[in-house]
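Going by the order they are written in, the chains are A, B, C, D, E and F; count residues from 1 in each one.
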Amino acid sequence: MYFYRERLINEIVPDRPDPEAAKVFQEILGGRFGEMRTMLQYSFQGANFRGPATQFRDLIKGIFLEEIAHVELVQHTINALLNQSGDSPTQQGEMAALREAAEDANPHQYIIGAQSSVPEDAAHNPFLGTYVYSHGNLVSDLLDNLVLESTGVIQKTRIYEMSHNKTLRETLAFLIVRDNAHQNAFAKALETLGVNWGKLLPIPTYDITRLPECRKYLDMGYNNIQFNFRLDDTRIGEIFQGTSPSKDGGELRMVEPPAGFPVPELPELPIHYAPDPQVRARTNI
Amino acid sequence: MYFYRERLINEIVPDRPDPEAAKVFQEILGGRFGEMRTMLQYSFQGANFRGPATQFRDLIKGIFLEEIAHVELVQHTINALLNQSGDSPTQQGEMAALREAAEDANPHQYIIGAQSSVPEDAAHNPFLGTYVYSHGNLVSDLLDNLVLESTGVIQKTRIYEMSHNKTLRETLAFLIVRDNAHQNAFAKALETLGVNWGKLLPIPTYDITRLPECRKYLDMGYNNIQFNFRLDDTRIGEIFQGTSPSKDGGELRMVEPPAGFPVPELPELPIHYAPDPQVRARTNI
Amino acid sequence: MYFYRERLINEIVPDRPDPEAAKVFQEILGGRFGEMRTMLQYSFQGANFRGPATQFRDLIKGIFLEEIAHVELVQHTINALLNQSGDSPTQQGEMAALREAAEDANPHQYIIGAQSSVPEDAAHNPFLGTYVYSHGNLVSDLLDNLVLESTGVIQKTRIYEMSHNKTLRETLAFLIVRDNAHQNAFAKALETLGVNWGKLLPIPTYDITRLPECRKYLDMGYNNIQFNFRLDDTRIGEIFQGTSPSKDGGELRMVEPPAGFPVPELPELPIHYAPDPQVRARTNI
Amino acid sequence: MYFYRERLINEIVPDRPDPEAAKVFQEILGGRFGEMRTMLQYSFQGANFRGPATQFRDLIKGIFLEEIAHVELVQHTINALLNQSGDSPTQQGEMAALREAAEDANPHQYIIGAQSSVPEDAAHNPFLGTYVYSHGNLVSDLLDNLVLESTGVIQKTRIYEMSHNKTLRETLAFLIVRDNAHQNAFAKALETLGVNWGKLLPIPTYDITRLPECRKYLDMGYNNIQFNFRLDDTRIGEIFQGTSPSKDGGELRMVEPPAGFPVPELPELPIHYAPDPQVRARTNI
Amino acid sequence: MYFYRERLINEIVPDRPDPEAAKVFQEILGGRFGEMRTMLQYSFQGANFRGPATQFRDLIKGIFLEEIAHVELVQHTINALLNQSGDSPTQQGEMAALREAAEDANPHQYIIGAQSSVPEDAAHNPFLGTYVYSHGNLVSDLLDNLVLESTGVIQKTRIYEMSHNKTLRETLAFLIVRDNAHQNAFAKALETLGVNWGKLLPIPTYDITRLPECRKYLDMGYNNIQFNFRLDDTRIGEIFQGTSPSKDGGELRMVEPPAGFPVPELPELPIHYAPDPQVRARTNI
Amino acid sequence: MYFYRERLINEIVPDRPDPEAAKVFQEILGGRFGEMRTMLQYSFQGANFRGPATQFRDLIKGIFLEEIAHVELVQHTINALLNQSGDSPTQQGEMAALREAAEDANPHQYIIGAQSSVPEDAAHNPFLGTYVYSHGNLVSDLLDNLVLESTGVIQKTRIYEMSHNKTLRETLAFLIVRDNAHQNAFAKALETLGVNWGKLLPIPTYDITRLPECRKYLDMGYNNIQFNFRLDDTRIGEIFQGTSPSKDGGELRMVEPPAGFPVPELPELPIHYAPDPQVRARTNI
């Protein structure tokens, strides 16, 4: 069973609205290598796990718990990038903003939703269940998870280059470093099965000079820790310990989850009937 | 942020393997009105919520938390229905069992997975992000959620009729009564906005004489309660209180989550390389 | 604007329920070469037509009108094949019937619908808008329509072989002969642009000795006529006239629509909550 | 059977070409809550209807008939928005126009079609049969239809804000008011089953001061009438009568269909081989 | 079995990067009438062929072989159009270029791939197996192939108009003329079965004055030849001989494949971790 | 450019028709980890390759060439499993056979095709372009290819257990051993970048006692060789050499392709109009 504290796992750094950034960021939410796929993949691998070596199951489930929070973080990041993008003092200006949305943005974010996140990728394609992979062979599952987390970093570094927007870059930097930690987790699990990774990891060796927002997360050791979201015992530490398989050579360790950050409240959008005139009328009485 | 206690929200009642039941049960997991859609729909509606009437957001988020546990329960139910379905003392018998799987079962449960749940529906179609609905207008979201929970009951009663299997029927009965509770939650929210439901709810008025497994859950009042999975404060009780909008006229109330039931451990399936010969070799040393 | 007389374009011949037949018949409704695609393809080609040669537009629109009635005919044929398939005097028998449905039938017809037609094909895949083709080049549109109507005959002859069921075979026979007529229409349009078809048509040269139900429709000349569903003038007769391009060498002509047949009323299915206990309770007062 | 008079149900108001508007308008044609889905949903619900309360079937079928005309209206609106968008006196200008199309428009409207409507949504995703919903439980069907018509209004008001184009706005205004009428129809049907809607309807309470084109349709009472497209008797009036469930409190009534408006003829587009050089060569002789 | 000489079937003519052109060109690769569909369609028709008239099978297989080379040519054309599109001397400029990519380009070419081709169409929709058509009836297969090759020309002429880019136009011109030759092949096969095409072909009668790059390929007779990629005997010449069915009246003949052109080497893209820092580090030692 | 010798890469061993086997075998053709995906993935990775380390490109392309032959082999294996499955001396028997096909087989193999292979998976879902993965980062591409080839073995061993049919088992055994060789190729490439695989490979360690048909291919060394289908030079041998990364410790080496086996000729199926009555009529004259 799942419990919740209404705190985001990382901060939403404020900046100007940026519909194009909101469009491409959708890849990180609903794309083939996005957080929805990642969350669901670990959900299925956890439930379908076979055999007594449950330290591997606990590892997968532990990362699953963080991925639920990543989905939430990405939804709020997209919403922050869209917020006020169609909002301006005069109708003409409003129109201009919405016009722009029709040109370069994801139209679904403005038609299906009231300027908010949708379960789609950067090309507006819907999320597909076929992205999710769980076939019971543990080695193949672990290797696939390693590919998934590696691709997560690669795609995030590419989106990072598309905009200077601070909201976009801060969330990406946090997720890049956490993907690195998850790479370490799955790579370490394979190490226990006999692989020596040499200097191959992390994939890619992301360039910290080009991604300065990553530095503080690395300084906090976020690439070598796992947050423990379990309210009961877990065997994850049997795997996630010792020297990191990444070339930095740090020490893997379990820690308590961060205190977290407030969940943003989005303003009403009367022009888009969000939430609805009825709500204000009724809840004000 | 999300926390976990490794307990199922309801019991997996043992019975014989039943691959055909496992096939049709997939509709409840990955179908258009299944638990994956339900979970993700409330995830998006919660994150995309606008305005200060956060009692509605808390209601939606509160049900979202239970849906994560429903996904897990359905995955384990399907796995229990598949378990040992391809398992028999002689190779010939084993073959016969797998042969049957090729004929009437979902082949993906036996090829992609090692006799386990997949992110598909009863017709083997992959889960689609287009099922998920969140557009910011609160009234439309609430009405859609009511349709979703109603359809949940309808589809579950139809699947119930397809097999006497106790594993299948017990999980369905639990979920039917919980869908009833969630109907009450969304219908009550619409009541606060002015609707009087008359005698319409629940949809459908499911026939307890045909669904005897439901009775104990009704006796426990499971159709009129919400479990509180929050570790902090929530406004859900501002809506989920007072007389039920369903014709039974019970009293809505918040309660602590149940103690839960053990998460099953699935046996190894060497014939399907699940988890993998490497795992046993390495973890035994 | 579209007007309706509640009559089916052909008779639903009664026979026993046949869920397997209902499953494969879905190809004719929601498949890549089914009636939904055919209807929508002509809808788009009609609306997107360019230039003054509107006799071609009228031809396409005229066939579109019949296709709406074909969709309705196929929906009712499938419903007739499903009717009472899960209905039996004792619950045990009922269960057996539904069990069979879980094994060999389309589970969506029993879960999503209450034993009724769905917008899917024989393999349970959903209808796709990508099947529909309209690109403005008239020659390519006409050739594609010829392929579409030819494939319609081929697929229907193959499904015909799968069951002796009279409900199935009668509807197929009617549609095969009408597809032949539509082949003639598009082939004749291409003839006005210079093609001489030799002895190639119809495609395929279906074997009347194997498809005896077709004979009466051929005797009525249904392969060489177009029904005129227009309430105003149409230029369709400028094309659909003269010698048939098929090797039978008949004479093409426009006729009034048939008197039609009653639209069946499906019985209630209380076990599947269809329509709903509320409906009887309220409409009986 | 279906009959046709070649008249549009509303006027196409001329204005400048606007490819971006044509792109987003596709949501109203092929989107999850668009007219194709609406038409097909009522087609399936009508054919799959069970039981003797055929006044509900007649209501659904009656609205189905209007939806066929809506599909046609939207196709022609999109075509009008695209018309001459790639047309200019010099090749250089033509190129510039097409170049623009490659940047901000739906490329399929220019590649698959000859600047015309396609069976896709605003994000270029193909129409999916999974959007269509019909499960036999009448209450759930009616509620879902209410959600569908509500969402229709919401999405149309959002697209309205994206452009001042008169072609776009006039069609949207007409459809918004008609969606309101269809909401009233399904809400009234639920009223006969016991619901009292209070002041909840219409959803949303669209703001007439922001949507001035809607006023004349409201003045004509188009939000409280149903057009009768039946050539035979219908029981629709048993439901669609009495006081409107919307807060305006008007009187529901059946009327004859409007006289209609001419169906536009699109000019040839030689550069796109539409219809084809052959057609002119042959039909001029 | 398949053998390879690393030469492109036509030249990649250099010009400036053009992300918008790269976006729309995807239709020719992964679209419903693109080269991936064409290649796979002939692959299935070849393998599924029935009966002793293997001259038709050899014809289909012969064109299949060329289509594998077309896929490769289109992939490299797209890559050439993308190359250096996100490359500039300063990071600020680089950002600007990538920013532009986020606005008008296919974001998947920049996120999933490192500025390279993807298995999608111009609207970013994934390639679908449902495009591929093979049903065993030879006449229908041949007619469908004729529609496919005709549509290939039509779509390519429309994309040609969208940009003056020489890379784009040269590849399109080559493919247009080859599609013409493949039309001739399938039309000739139908001619052997009795059809007389009159003056209908090619479809469309593309206008050489508007497509000057096509001229040299016509002068080389590329519209009337088939390249012979077989290393053993083939019966293709039994069909592909005699007078062309196109109105130019040329003579069909088999020839040796062209000498071919070098396969381009794409530069590394360090900013996108392509290929990877590890590769340079390891392969330089 | 691609050249062809009409020989299958392995033998089709004759056995009885087996429609259920033909159904599940489709996973190996059109499934997420099937040969179509494998072929197209290497096609894209080859064309999109960046940088001067072309030994990796040559490795990927070399395997691509074999995958085209695998697609062909699997198509013919499925056709052999379907052949005569609906063929029997009397119509009644024929009917019985087709009836069976409607119950347990893939209906598309009998409706869309004339008892032949289709571009779908074991659950009848169409092949999707989203399965194909190529993003330019070589390490991630190689790891993903290793997952792909591993999953290939796992799925094939599972399908192997479903039937004793010799046609099915022989093709599977050949492909399992070749997937092992391709695992070795990609694992060796990663070894050159620093990884030491320990005893992890092959994945899974398939059990030769349960898969006796594999033995002769292992005896021929098929798990440690690459066939060279290049007609010009290739650098593949710079990687594919030395000790195998699999625990058998064999020696990797390049060899000439096998002599191959005859491509089967499928008999005509008059009942399914395959190829067509016209063909016999015309080609006999």
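Throughout what follows, a residue touches a chain if its C-beta (ideal position, glycine included) is under 8 Å from a C-beta of that chain, and two chains touch if they have at least 3 such contacts.
This one's a predicted model, so the numbers in the text were calculated from it and none came from an experiment.
Chemist: Could you tell me which chains are in contact with subunit A and with subunit B alike?
Modeler: Touches both subunit A and subunit B: D, F.
Chemist: Of the other chains, whose C-alpha centre is the longest way from the centre of subunit E?
Modeler: B
Chemist: Looking at B-C, A-F or A-B, which pair matches B-F on over half of its contact pairs by residue number?
Modeler: B-C
Chemist: Have a look at where subunit A meets subunit E and say same if over half of the interface residue numbers show up on both copies, different if under half do.
Modeler: At the contact between subunit A and subunit E, which are copies of one sequence, the residues are largely different (under half shared).
Chemist: Select the chain at the greatest separation from subunit D, using centres from the mean of Cα atoms.
Modeler: The chain lying farthest from subunit D is F.
Chemist: Using only Cα atoms, superpose subunit B on subunit C and state the rotation angle in degrees, rounded to the nearest 5.
Modeler: 120
Chemist: With contacts counted as defined, which of the two, E-F or D-E, has more C-beta pairs across the interface?
Modeler: Between D-E and E-F, contacts are more numerous in E-F.
Chemist: Return the distance between the CA-based centres of subunit C and subunit D, expressed in whole Å.
Modeler: Roughly 25 Å, centre to centre.
Chemist: Hey, how far is the Cα centre of subunit C from the one of subunit E, in Å?
Modeler: 36
Chemist: Would you pick out the residues of subunit B that each touch at least 2 other chains?
Modeler: 32, 104, 112, 114, 120, 124-126, 128, 130, 135, 137, 139-140, 154-155, 193-194, 199-200, 203-204, 272-273, 276, 278
Chemist: Report the topology of the inter-chain touch graph, choosing from line, ring, star, complete and other.
Modeler: other
Chemist: Which chains touch which?
Modeler: Every pair of chains in contact is listed here: A-B, A-D, A-E, A-F, B-C, B-D, B-F, C-D, C-E, C-F, D-E, E-F.
Chemist: Quick check: in the complex, which residue numbers of subunit B touch subunit F?
Modeler: Within the complex, subunit B touches subunit F at residues 86, 94-95, 98-99, 101-104, 106-108, 110-112, 114, 120, 124-126, 271-273, 276-278.
Chemist: For the complex, which residues does subunit D have touching subunit B?
Modeler: Subunit D reaches subunit B through residues 32, 125, 128, 130-131, 135, 137, 139-140, 143-144, 146-147, 150-151, 154-155, 190, 193-200, 203-204.
Chemist: For a test of understanding, state which residues of subunit C touch subunit D in their complex under the given definition.
Modeler: Listed in rising order, the residues of subunit C that touch subunit D are 1-9, 30, 36, 40, 43-44, 47-56, 61, 65, 68-69, 71-72, 75-76, 79, 112-120, 126-130, 132, 134-140, 192-194, 229-232, 257, 260, 265-269, 272-276, 278-280, 282-283.
Chemist: Using the touch definition up top, name the residues of subunit E that touch subunit D in the complex.
Modeler: Contacts found on subunit E: 20-21, 23-24, 27, 31-32, 104, 121-125, 154-155, 157-159, 161-164, 199-200, 203-206, 210.
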